[in-house]
Amino acid sequence: MPFVNIKITNEGVTPEKKEQLISGATQLLVDVLGKNPKTTVVIIDEVDTDNWGLGGESVSTRRKRGD
Amino acid sequence: MPFVNIKITNEGVTPEKKEQLISGATQLLVDVLGKNPKTTVVIIDEVDTDNWGLGGESVSTRRKRGD
Amino acid sequence: MPFVNIKITNEGVTPEKKEQLISGATQLLVDVLGKNPKTTVVIIDEVDTDNWGLGGESVSTRRKRGD
Amino acid sequence: MPFVNIKITNEGVTPEKKEQLISGATQLLVDVLGKNPKTTVVIIDEVDTDNWGLGGESVSTRRKRGD
Amino acid sequence: MPFVNIKITNEGVTPEKKEQLISGATQLLVDVLGKNPKTTVVIIDEVDTDNWGLGGESVSTRRKRGD
Amino acid sequence: MPFVNIKITNEGVTPEKKEQLISGATQLLVDVLGKNPKTTVVIIDEVDTDNWGLGGESVSTRRKRGD
């Protein structure tokens, strides 16, 4: 029944990697809290680098500068 | 003034169905709590089936298996 | 499998009212999109009126003014 | 370390405007609470007007009517 | 820079368990996507069982029935 | 109509500071995007330092170490 939301930048994450995030997050809830995996929901949000800010500027701008 | 967020998988939901979700959720807040519909916000997030996990695997994988 | 989040101000909502919000939101997803109620999650967030802003000021301030 | 999420309708917001939202929200947290801008995260969600409801109907419908 | 939000019911989760959720979720992002742990944020929301619905009824009601 | 959610640690933020966050975030949306302040919603979530993780550990643990 837990709900996990993972927000990452939209930079070519493959379906295989997404499966690993989903299974890993679900297993974490099972291992730490004994939650039922069948009703554990994981939602991955991929956010455009223009729309993600860190340190007062977008990740797009940071990437252009080489950060 | 209430805020409702509905997350569903991105599987061909029509604008008409979305209108029904919006009007239905707004009416629910009016009926149960007497909220003002004019300032009630409803946001629908459509999530790719690769990005939605249930039972430790993506909905894409579940759909392929016939679940 | 849908996920619904309802945010309302924290002003004495009874457990009975919460049950009505949960059952109503779940039924809405069943009626409009044919979703499975068994895996539909509804989470209600009750937000302090100091922490909810509308029109550039908190609901606490609005209430004091009689809005 | 604060986290700010801004949800707006998806109506042609330019990268320059997004930079202003990111820098402005980050500066707000610095000015009001003395937060560290380096670890302040801002995420902008652009929502389709079909998926945003206000007053019991979608923004798409409101726009068509001239609201 | 990733952001992880974990929502669970408010049923006596200890600080030690919370540390395990935080370190485990952070490590998952490092292992799967090579993310920087220093800027990875994890927020745990503990939700009252009256406010969490599954299957059209609150978890409080389900617990009373022995589910 | 925009919606802004600000998540901060729960460390004695006064109602006056909250008012400044609400008015500042609302004004930002007016200034940058010309949004209507009357329907702009701001919600502040105060998160316990045990429940906020950065760098793989809780803020409570970081504070104890003097970070």
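Lettered A, B, C, D, E and F in written order, each chain numbered from 1.
Convention: a residue touches a chain if its C-beta (ideal position, glycine included) is under 8 Å from a C-beta of that chain, and two chains touch if they have at least 3 such contacts.
Keep in mind that this is a model prediction, so the values were computed, not measured.
Trainee: Would you pick out the chains that touch subunit B and also touch subunit F?
Mentor: Shared contacts of subunit B and subunit F: C, D.
Trainee: If subunit A and subunit B share one sequence, what is the angle of the rotation that overlays their CA atoms, in steps of 5 degrees?
Mentor: So the angle, rounded to a multiple of 5, is 120 degrees.
Trainee: Taking A-D as the reference interface, identify its repeat among B-F, A-B or A-E, namely the pair sharing over half of the contact pairs by residue number.
Mentor: Answer for the repeat of A-D: A-B.
Trainee: Looking only at C-beta pairs that count as contacts, which pair of chains has more of them, B-C or E-F?
Mentor: B-C
Trainee: Rounded to a whole Å, what is the gap between the Cα centroids of subunit C and subunit D?
Mentor: Centres of subunit C and subunit D (C-alpha means) sit 21 Å apart.
Trainee: Scan subunit E for residues touching two or more other chains and write them down.
Mentor: 1, 3, 7, 21, 25, 39, 41, 43, 52, 54
Trainee: Looking at the whole structure, which two-chain pairs count as touching?
Mentor: Pairs satisfying the touch definition: A-B, A-C, A-D, A-E, B-C, B-D, B-F, C-E, C-F, D-E, D-F, E-F.
Trainee: Of all residues in subunit D, which touch subunit E in the complex?
Mentor: Against subunit E, the touching part of subunit D is residues 1, 3, 39, 41, 43.
Trainee: Taking the complex as given, what residues does subunit B use to touch subunit C?
Mentor: Interface residues on subunit B, with respect to subunit C: 1-9, 13, 17, 20-21, 24-25, 28-29, 31-33, 35, 39, 52, 54, 59.
Trainee: For the complex, give me every residue of subunit D touching subunit A.
Mentor: 15, 18-19, 21-23, 25-27, 37-46
Trainee: Under the stated contact criterion, what part of subunit F meets subunit E in this complex?
Mentor: 7, 47, 50-58, 60-61
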